[in-house]
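These notes concern the structure reproduced below.
Just so it is clear, A, B, C and D label the chains in written order, and each chain counts residues from 1 on its own.
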Amino acid sequence: MEKVRAIAAKVSNWGRWGAEDERGTVNYITPEVVRRAAACVRRGEVFSLGLTFGAEGPQIGQGGRVNPLHLMSAVNGALPGYPGEFRYADDVIVMGLQCATQWDSLAHVHYGGRLYNGFPADTTTAAGASRNGIDKLGAGVVSRGVLLDLPRAQGVERLEPGTAIAPADLEAAEKKQGVRVEQGDVLLVRTGHLSAFKANGDRVAYMRMMPGLGLACAEWLHARQVAAIASDTNAVEVIPFEDPALPLPFHMVAIRDMGLLLGEMFDLDALAVDCAGDGVWQFLFSAPPLKVTGGIGSPLNPLAIK
Amino acid sequence: MEKVRAIAAKVSNWGRWGAEDERGTVNYITPEVVRRAAACVRRGEVFSLGLTFGAEGPQIGQGGRVNPLHLMSAVNGALPGYPGEFRYADDVIVMGLQCATQWDSLAHVHYGGRLYNGFPADTTTAAGASRNGIDKLGAGVVSRGVLLDLPRAQGVERLEPGTAIAPADLEAAEKKQGVRVEQGDVLLVRTGHLSAFKANGDRVAYMRMMPGLGLACAEWLHARQVAAIASDTNAVEVIPFEDPALPLPFHMVAIRDMGLLLGEMFDLDALAVDCAGDGVWQFLFSAPPLKVTGGIGSPLNPLAIK
Amino acid sequence: MEKVRAIAAKVSNWGRWGAEDERGTVNYITPEVVRRAAACVRRGEVFSLGLTFGAEGPQIGQGGRVNPLHLMSAVNGALPGYPGEFRYADDVIVMGLQCATQWDSLAHVHYGGRLYNGFPADTTTAAGASRNGIDKLGAGVVSRGVLLDLPRAQGVERLEPGTAIAPADLEAAEKKQGVRVEQGDVLLVRTGHLSAFKANGDRVAYMRMMPGLGLACAEWLHARQVAAIASDTNAVEVIPFEDPALPLPFHMVAIRDMGLLLGEMFDLDALAVDCAGDGVWQFLFSAPPLKVTGGIGSPLNPLAIK
Amino acid sequence: MEKVRAIAAKVSNWGRWGAEDERGTVNYITPEVVRRAAACVRRGEVFSLGLTFGAEGPQIGQGGRVNPLHLMSAVNGALPGYPGEFRYADDVIVMGLQCATQWDSLAHVHYGGRLYNGFPADTTTAAGASRNGIDKLGAGVVSRGVLLDLPRAQGVERLEPGTAIAPADLEAAEKKQGVRVEQGDVLLVRTGHLSAFKANGDRVAYMRMMPGLGLACAEWLHARQVAAIASDTNAVEVIPFEDPALPLPFHMVAIRDMGLLLGEMFDLDALAVDCAGDGVWQFLFSAPPLKVTGGIGSPLNPLAIK
C-alpha cells in the first residue's frame, strides 16, 4: 500500500474542485472543451461503443455479477377494458449496474475509510451511495474522445492478457496516430481483448486475465488532465495485478485519489477500423450515465460521433 | 379503429426504408442532419433531460410497472484473498425498461397482428422482441433537438391534464419561438405536466391524466419528417383518449404505422428556462438507448447540448 | 428504551440453548412436542394459511417493500434443437422476503449493536446474515398450533386498528375456546385485520395501523414458552406504538432478546371458521421457511392440519 | 411422439376429477391418506429435504435459469423519524421459481396445444398461468412419503448419469426396504446424483446428464396412484433422453396427461441415512408450494417427519 499512497500523494485531486465536489476529473470538461469536442464532428457518422445487455453478456458470476435477466411483463397484451385491437408489450430488466459496458462511479472503490474527496466510506449503505454516486454525473460525459489503438500501433493482433501498459506505450500510440491527449479528453484505450472474446466467446478468459494500464499510468493521466478513461476490458487496469499482494491498485488511485472516471467493456472495434481508415482518431464522445439514485455504476451505450 | 386506419394509410412508412428496416423515422437522421446538429453547439452547455431512477420515481404499479429497486450487492466489501485495505461497493437494479425517462421501441405497440414495417406481432415472445427491438437503435438518436414549450408559448403555467394538442398549437409555438421543426429533428414538447409532479409529488395525478398530442398531430409530424418526438408526460399523447373507446390511438399510428420513436417522461424544465433566456430553441440532442437484446424500451438520460 | 431493557432482562434467552444457538425459541419444539402435534391430526383436513404472492399483495412501498413481480422467462417455449411438439413455461420472481405471509428471522431487528444471543450486529452485511439467518431454521417449524380468535372470543367483528392486546385478552380467549397454550406451541392470533383488507382492498389501511400484541405479552409468551407467534397483521404487535417514541418494542424484545420467531400476514380466516365449527382449536402446524442463505425472512405457505 | 401418445392414452387422468380440476394426482390425497400419514410420526424427528437458495445453487444459466440473487434492501437501518437504537435488516430475492428444490406446476409443460385436463395452452401468457398454476395447489402436499433409495438397494454408491430407472428397479427397492408405495403417497427416489454434486461442486455435471425415471415408470406410477414423485436430480427423468429425438417424454406424460406433480432437486441424503438406520422408509411428508399467483413452479423446503 505504500506504493499506492506514494502515487496517491502526487495525483490526488481532493479539494481541487471544492470540498463538496463529487464529480472529480469530469470537472476538466469545461464549456470550451465541449465546443472543441462538437467541432470534431465532420462526417456525421455515429458509432455505438456499447455491448448488448442480455444473457449473451460476459459475466461469469464473479462477486455475484450475473448477465442481465430480461423478462417480459406483457406480450401481446390488451389494455383492461378495451376489447379492440390495441396490443402492447412491456419488459423488466434485472442487472448488475456494472454487468457490461459501464462507468464506475467515484463511490465504487476506496481504502483507508475514505472515498474520493475525503467523504467517509460509510456514506455508502444498503440504501446506496449518498456521496459520489453515479447520479452526480447526470449532466454526463460529453467531451472530445481520443482513441489509442495499442495493438494497431504496435503491429500486433492484440495485447496479451497480463500485459501492463506503460505511459511510453500510450505516447508511442499518440505519435504513431498523430494525436495528443489533452485536458478534458475522454481517452479510449483499445487492447484487442474484447475482440478476442467476441470471436471465441470465452467468458472466463475475458474476465479473469487481461491487458491493461499499469499503475504508472496514473501519473501520466494526471499530467494530461484527462476527464475519463475507458477500455475494452473489464478492469481498465492489468490483471494479474502488478504486485500480487495489491489488488486493483490503479482503481484505488484513479477512483479514490484522482476522482477519475473509469469506463469498462467498451467495444472499440468498429471505431478503430474507421479511425485507421481516415486517420482521424478524435471525435465527439457522449456517454451519459443513467441517473440511478445512489448508484455505484451505470450501464451505458457510449457514442462516438465523427 | 377506422379513424386509426384512415390516418395510418396516409402516414405509413412501411417499406419506405426497405422491407427489413427496423429503425423507422430514425432513418431521417442522415449524416448531414448530424452535422447540422453538431453545429448547434455554441456555448458548450450540457443539459440532462432524464429523471432519476429510484424509489422516488413516478410509477404507481399500473400494468405491473414499478419504480426501480436499487439494491446493493456489496458495501465496503473486501476482495476474497486480499486482506489489505481495498474495499468496493457494487449494485443491482430491477426496473421496468419504461419506468422513467425512456424510449418506446417500435415493438412496443401494435394492432392487426403486425408490428411496424409489417413484421408479425408474434416475433415478440417471452424471449423478447426479435424484430423492432430497442437494440436495433443502438447507434442511437443523435440529431438536432428542437424544444417547443407550449405553456410558455401560450402564456400559461401548464397545459391542463386532458388537453389535446393540435398541429396549430405546435405551429403557434414555432412561430412564437422563431424555430421550425425540420427533417430528422427530435421534437421535444413541453407541457408542464412533469413540473407539476415535481412540485406536488402526486404520482396518481401524473400518471392517470395528462395533456398530450391529439391524433391529428400524426400527419403533421409525418409531413415534417421528424425522427422522434418526446414529451414530459408518460404517454406523449393526451389521456383521457380523444375517443373514449379507442385507447392510445397516437401510439398505434406513430409506432406501428410511421415507425416513429416516442420518448416519455423527459424533464424539459431546466432546458426550457435556458432557451427562454437566450431565445435559442435548438441544440445537439443525444439519447442513446441501452442495447437491451430484444428490449421493448430503454431507460435514458437524454442530453441537450447548446 | 428503559422499558425495553427492563422487560428484556426478564425474558432474555441468550445462552439458554448454548452460546452458538441461532434458533431461539424454536428449540422448545422437542421431538415429544412434534409427536404431540402429529397426534392432533384427527380428520385429515388441511388448511393453507398463506396469502398469494403477486401484484395483488398488500405492500405499499414502505421501506422499499413492493409486491412480488412475477415474470415469465418462457411461454410456450420449445427446447432448442427439438423441433417436435414439446413446449414449456418457466418463470422468475422478484420479491421482498417479507412481502406477504412470512417469518422474520432472528437477524431481522436488533438494538445496542447485538443480535439475538449476543452476536454482533455487523455479522449482517450486504452479503446477508451470517448469524441468525432464516436458513438456520431449515428443519422448519413443525409443532402443535393453537389458534386464538380474539374477535370471536370478544363477540366483535374485528379488533380495531390500534388496539393493544394484553395477556388477559389471550387468557380470556383460551378460556372461551377451551384450549391452553403450552411449551413449544405455535400461537396463532387472529385479529380480523386481514379479513377487513380482503374485503375492502385498502392496502394503506392494512399496512399503516393495526391491532396487535402489546409489549406486556412478551412476558406471557416467555412464561408459556411458545416456539413462535404469528398473526394476521403486518407487525404482530400494535401500531401505532404504545409509546410513540419507541418503535416496534415487541419486535425488539421478542426477536433480539427472546429469540422468538414472529410470523406475519397469516390468513387465519378459514381455519378460524372451521375451529369455531368443531370446537377444536389445536392442530398440526407446519411452515418451513425457504432456506435462503443469509436470509432475513422467508415467504411462507403455512399449513394447519386437523 | 407416438410412444408418448400411446402411453398417454393409458395413463391419462383428464376428467377423472372433473372438467375443472387443476390439481391432478394430488387429488389422491384423501383425508384418510392424511390421517395415515400423520400416524407415521413416531419419533418426532424432522428432516429438511431442501437445498439452500443462494449463489451456491446448481444453476448454470440453461434456459435463462440463474441461481438466486439475494440482495439486502436494509442493513442496520433505522426507522425514519425514530432516532433511537432500533435497527433492522430487510432483503429481496430474484430467482427462477425452479432454480433449486421445487415443484413443477401442471402448467409447466405441454404438447398438442393442451395442458393437463385439456385446458388450452394459451391460458399461460406473460401474465402467468391462469390454469394449472402452482397456486392451485395451495393446500399443499401433505401425505405419506416413501423413500426408495436405489443405490443403497443396489449396493452401489450412486446410479450412473444416464441410467434409466425401470419399474423393476422401483419394485426391487420396495422389496429390499420392506415398504410398498400406495395410493396418495409421495414417492421420493434417491439416485445419489445430488450427493455427487454436493461432494464435487460440478454444476455442469449435475445439470447436463443424470440418472432418472424411464418413460415406462409412468404406467407403474399410474397403477400405484401416487400423488407426487420427487427425486434428487434436476429432471426426475433420465437425461440423455431414452429416444434422442424425443425430449423429456416423462415430463410430457406425467405432467400433461397424468397431472402428476414432479419434485426436483430434493436433498434426500440425511433422510436416507436415517431410514437405513432404523429400517423405516415411510414418514409424514409436507411440502407446501408458495402460492405464487399464476406460478409455473415453486421453490420449496420439503420436510419429512418420522
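The rule is short, and it goes like this: a contact is a pair of C-beta atoms (placed from the backbone, for glycine too) under 8 Å apart; a residue touches a chain by one contact, two chains touch by 3 or more.
Note that the coordinates shown come from a computational prediction; the quantities given were computed from them, not determined experimentally.
Asks: Find out how few touching-chain steps suffice to connect chain A with chain C.
Replies: Minimal hop count between chain A and chain C: 1.
Asks: For the copies chain B and chain D, give the interface type as same if over half of its residue numbers appear on both sides, and as different if under half do.
Replies: Since more than half of the residue numbers are used by both chains, the interface counts as same.
Asks: Distance between chain B and chain D based on Cα centroids, please, to the nearest Å.
Replies: Distance between chain centres, rounded to whole Å: 46 Å.
Asks: What whole-number Å value describes the gap between the mean CA coordinates of chain C and chain D?
Replies: 26
Asks: Two-or-more-chain contact residues of chain C, please, as numbers and ranges.
Replies: 55, 64, 69, 71-77, 92, 94, 125-127
Asks: Examine which chains touch each other and state the graph shape they make (line, ring, star, complete, other).
Replies: Per interface graph, the chains form a complete graph.
Asks: For chain A, which residues count as touching chain B in their complex?
Replies: Touch residues, chain A against chain B: 1, 30-35, 38-39, 41-48, 50-56, 63-65, 68, 70-77, 79, 82, 84-98, 107-112, 121-122, 124-129, 135, 138-140, 142, 245-248, 252, 284, 286, 288-297, 299-303, 305.
Asks: Can you check the complex and tell me which residues of chain C touch chain B?
Replies: 55, 61, 64, 66-67, 69, 72-77, 94, 125-127
Asks: Spell out the residues on chain D that touch chain B in their complex, using ranges where they run on.
Replies: The contact residues of chain D facing chain B are 69, 71-73, 75, 92, 94, 126.
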